[in-house]
Amino acid sequence: MGRIWKLLIVASTYLFLYVPIIVLLVFSFNTEGFPSPWKGFTWHWYGELLHSTHLWQAFLNSLIVAICATSLSLIIGVLLIFYAAQGGRTGKFLSLFYGNLVIPETVLAVALLSFFTLISIPLGLTTLIVAHTVLGLGFVIPMAYARFLEIDLRLTEASLVLGASPAQTFFKVTLPLLRPALIATALLVFIISFDDFILSYFVAGSTAQTLSLYILSMLRSGVSPVVNALSAVLLVLSSFLVLVFFSLKSRTRIF
Amino acid sequence: MKWFTRSLITISWLILIFSCLYLPKWEFLSNKDSLNVFAWGDILDPAAIAEFEKESGIKVNLNYYSSNEELLVKLKVTKGEGYDLIIPSDYAVLLLKNEGLLKELNYSKLGFLNRINPRLLHHNYDLENKYSIPYEWEIFGLGIDKDYFKDRPLIPSWKMIFDRAFVNYKIAMTNDPAEALPLAAFYLFKQVNPLNASQIQDVKNLLLTQKAWVEAYASFRGDYFLATKNCPVVFASSSYIWRTMKLFPFVDFIVPEEGSFITIENLCIPKASNKEEAVYKLINFLYRPHIIQRHFELFGFFPPTLDAFSTFSLDEKAKRWVYASEEDFSKFHFFRPIVSSQQLRDLWVELKE
Amino acid sequence: MKSKTTSHIPFTLGLPAIIWQIVFFYLPLLFIIVSSILKVSESGMIQGITLKKIFLFLSPVYLGVIGSSLLLALSNATLCLLIGYPIAYFLSFTSSRFKSFFLFLLIVPFWTNFLLHVYAWFFVLEKEGFLNNLLRFLGIIDQPIHFLNSLFAIMVMMVYYYLPFMILPIYSSLERLDRRLIEASLDLGGSWSHTFRRILLPLTLSGVRGGFFLVYIPSFAEFAIPELMGGDKQMFVGSVVSHYILGEQTGSLGAAFTVVSSIALLISVVVLFLLINKIMKRVRA
Amino acid sequence: MRSIKLTNLTKSKHGSRIIDKVNLTIPSGKFFALLGPSGCGKTTLLRLMAGLETADGGKIYLGDRDITDLPINERPINMVFQSYALFPHLDVFDNIAYSLKIKKLPKLVIEQKVFKILESFHLVDHIHKLPSQLSGGQQQRVALARAIVSEPDVLLLDEPLAALDFKLRERMLIELIELQDKLKTTFVYVTHDQFEALTVADQMAIMNHNGDIEQIGTPKEIYEFPISSFVAKFVGTTNIFSGELLHLDTNPTIHIPDLGDFSIDLPQKKSWMKEGNHVAMSIRPEKIFITKKEVKNFSNHMTGFVQSIVYHGRSTQYNILLKNNLRIQVFEQNEEHFPQEVIDYDNEVNLYWQKENVVMLEK
């Protein structure tokens, strides 16, 4: 009896998770636009998706922001770990980075928007990259540092004894050992930045439209099955990324 | 010594980071052979701008704002420097003019004045049109589901969204208090003037009562609610409904007989601009019939000139409003603040709390 | 480890992250806190300190908004916990062959743009949507129900979006749990509820707490879901903030409201934290 | 050139002195063992030599060169760690080639050197394996190969065999000795296992719990002639009696209360060897002859009861209770399958020893 209940709960939860997605995907092949019921099968909306320049511009913007923010937060995050590995007194600084995930993104977005406006930095892709990098650092540094502390100290000592300088040791021993955790974190940061809506909503200004903002504008105004087609494409993309994440077998947890 | 070096390193990093952040601004200010246009997000056709750039060899930098207030703030801060052409709405023109931020237009350089729809000129915000020329306009009204009203009484009145006696359906209402309040006040008092305390209370009560049959407050989704048959009546602007009507034939647009609201977007030149030659070239370009025609087709805003329509067939519905009679036009009002901005916001939050 | 040659290179390289964090995280936060108590003239001159902006938001109307946001966040976190715990348990205890598949299914939507999920729910809850058609087909209703633009729609979307935030921390705390403890407890004749209360819950408390606040905190400031799913008929903190911040010249007011509501959030988090501990004590006893 | 000299070396950790003014010279090209109980600071001493720790005071010389402040990576000293510390992300080849690549040697030279050492360590078949795919002994050999491939002046070994089983350990000890013979590199071998130290060392030092060096010498010197009861007890097993010195000039004797007087031999005069002084006497268990019969030709004799018998294979250990309730150990070689005399529990036995086989220690 308990078994059946358990299965029922789990099945209905997964149904809850996937029914909307399946309906969405099915309707991406409907010949008629959104409000109308199922009429017939077509690839038409995928073709239109291909030719929607605005959408691809937004997609490109999101991609640029996500790539820049991911690499930036990864690079400066790793360099901070490098500083820590060279015996820098980072203890007091590292606790600074645990706030990023704790405060609501809306508050961070509001604070950044007010700040940028105050010192009159033009809003756009750059400010968006800055904001997403802050978000990314909140993931990169705690995760990378936790992994860094797990590394057997004797490995770095062995490297030093074998004649490698502290810097060589970092790049030849520490960094390769951090790599799986870093890749997993980078994927996470990338997808969070790529899908981010709240920061983009506040900090992008009106020049830089990201994919999220484009979808929002479509949701707020006319909806078209092109969005369904887009969903299908993005689902494939994120499935792929999740697969990569899984195959890393790193012990990095998403939380 | 160590701290001195470290401070030096810190400062160099700060300078590097911030110079990267200010870079876009710099480029934008230093470019001499270009025009900086500051416009609403969805108002200029990128293809048209590209055509102009190709024809004239002048580079056009487009920057966007999302509200008149953003435009006002930015222009006040920079004293208009760095912008060559702006597109404020009616009341914003007045505010900018009062701040002394606008340049008088040189009419000798504008070749299209005789073509402009006379109804759009000489309004209160710029009586002699010394500083502004209308570029596009739209009317607010009701989007209607014709199917729904096939066998139900349809009256062209605001009562369709405000009067409990008429409303037995769901509506979509604007999500902008700066539109909703003047509209409610106009419905109650037949005028758009600053309100006293008891009038404010009346307006509030009206909106609170209306909430019962509001499906959603959405400024830009009225067409969606119409199209999905969620609401048979939505409050919306002509430009939005125009686009929807093309896709869904059962949608109609009506302007209540009590009168309604319009907005006119105008072209203005900030006082600080010194690229007169190029600006006028661009303005003249924007008023070319085929550009205006494309603009109308693309965005659904009504064009500023009448002759634009001679080149293509305009459907009857559009014609009625575009060629509105003097009398029709006198029923149109501009949105303007009728309570203090704090009252406006508090009332709106209270309404939805 | 220590090298006597004083090199500034590691410091120089490590610095950007710290600068970034201070300048683009703490400084802006400090700035909105300060600006919410500064009196600024029309021309932008600082004229002193005032609590006027703060007091403005201590009126019943705004406190009501904060209250309803807290309630929304709390009910969302509770619902997610009630649904998420059994799922996390199932995921953790299912045979390993399907485990990664189920985990995969859980994470994929989580890694896809959330606005698309909002959009997907339109299809389901629409007047002519999937759910209405299904119910009509089953003969449960004959007139379509207005699911959208209601509190129900808001809650559905909130739970849908935030569920993985709850499941994943609980799942990982279950993964770290020593299975033999549960077997031992059941072997020793402990009932299921006893085992759950005395063993499972205390040992996964960190995950439960983590998940709870991962859901609670962001849902407090949520604004897109109430707007899109609820027809924007009710104001929550997020909606007021976005209304003020992106509205007319009211940036500093928006900042002040952000500060006020953040303080309310902070207090509620502390209270909830203590409450959870207290409940846990009682559950264990 | 490859000798190490420590002068007044001092190191504190968490406020307590671990090493206090240690002076030690490790001769060039020798296999040197540093033996001490766990936690005595011998590993710290090794880490100071390697440069993994900084000294609070004192100097470290390599040959004539002061290397106290030389960064670790610039010291021509390598180290083999207790748990090998092989780089888990590099295969056997890359692990061994690590220090050569750091030195930026030509690729060909690196390959030559690595292959040569792989061959002599019988690791050629495992060249592309990761450390996690190797057995404990193989890992040990990779660690060793990695440490010597760059031909350091000194090789430090920190309990390198602790993780291996007994058989493997014995084999590795012999391999280590042969390796050191071949290379003539100075080996400094830290261990708490006296068997390992005695086996490998040319020279060894004993550290006590306070981090002081008690005695330096060859294994034989240390074992046969310990200079303190700590050394005597720590290296091998021994029986310690305390008593009073008598008749130093004529017939040196020790008086042990309840047991009587026993004659002793004092080849070297020490300042504490004074008439009437309380001293300790150490006799190794294998130096005592045990029998139930009465035997002549031994200079000393006492009796006791057999309390327990432990059979070790090549020898048998008897625990004997003496009259003064002291318990001592006696080893007997198992020379024959069927010994003529069977000693059993509770038997009264005679214990004999020669006075030359006794070491007198300061009390």
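A, B, C and D are the chain letters, set down in written order, and residue numbers restart from 1 in every chain.
In this section, contacts are C-beta pairs under 8 Å (C-beta built on N, C-alpha and C of every residue); 3 or more make two chains touch, one makes a residue touch a chain.
Just so we're clear, the structure is a prediction, and the values are computed from it rather than from any experiment.
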Shortest walk length in steps over touching chains, chain A through to chain D: 1
Chain whose average C-alpha position is farthest from chain A's own: D
Chain pair, A-B or B-C, that carries the greater number of C-beta contacts: B-C
Chain ID, smallest distance between chain and overall C-alpha centroids: A
CA centroid of chain B to CA centroid of chain C, Å: 36
Chain A and chain C: spacing of chain centres that average the CA atoms, whole Å: 17
Euclidean distance of C-alpha centroids - chain B vs chain D, Å: 91
Touching two or more other chains - residues of chain C: 1-3, 11, 15-16, 20, 126, 128, 246
Sequence positions of chain D contacting 2 or more other chains: 52, 71-72
Shared interface positions of chain B, touching two or more other chains: 66, 218, 228-229
Residues of chain C that touch chain A when the two form their complex: 1-3, 9-11, 13-18, 20-22, 24-29, 31-32, 35, 83, 86-87, 90, 100, 102-109, 111-124, 126, 128-130, 133, 160, 163, 165, 168-169, 172, 192, 210-211, 214, 217-218, 220-224, 228, 237-238, 241-242, 245-246, 251-252, 254-255, 258, 262, 265
Contact footprint of chain C on chain A as seen in their complex: 2, 6, 9-10, 13-14, 16-21, 23-24, 27, 34-35, 37, 76-77, 79-80, 82-84, 86-88, 90, 93, 96-97, 99-100, 102-108, 110-115, 117-118, 130-131, 133-134, 137, 141, 157, 160, 166-167, 191, 194-195, 197-198, 201-202, 211-212, 215-216, 219-220, 223, 227-228, 230-231, 234-235, 238-239, 241-243, 245-246, 253-255
Parts of chain D lying in touch with chain A, wherever the complex brings them together: 50-52, 71-74, 77-79, 81-83, 85-89, 98-99, 102-103, 146-147, 150
Chain B residues within the chain A interface of the complex: 20-25, 28, 41, 62-66, 77, 218, 220-221, 223-224, 227-229, 240, 243-244, 247
Of all residues in chain A, those that touch chain D in their complex: 152, 154-155, 157-166, 168, 172-173, 176-177
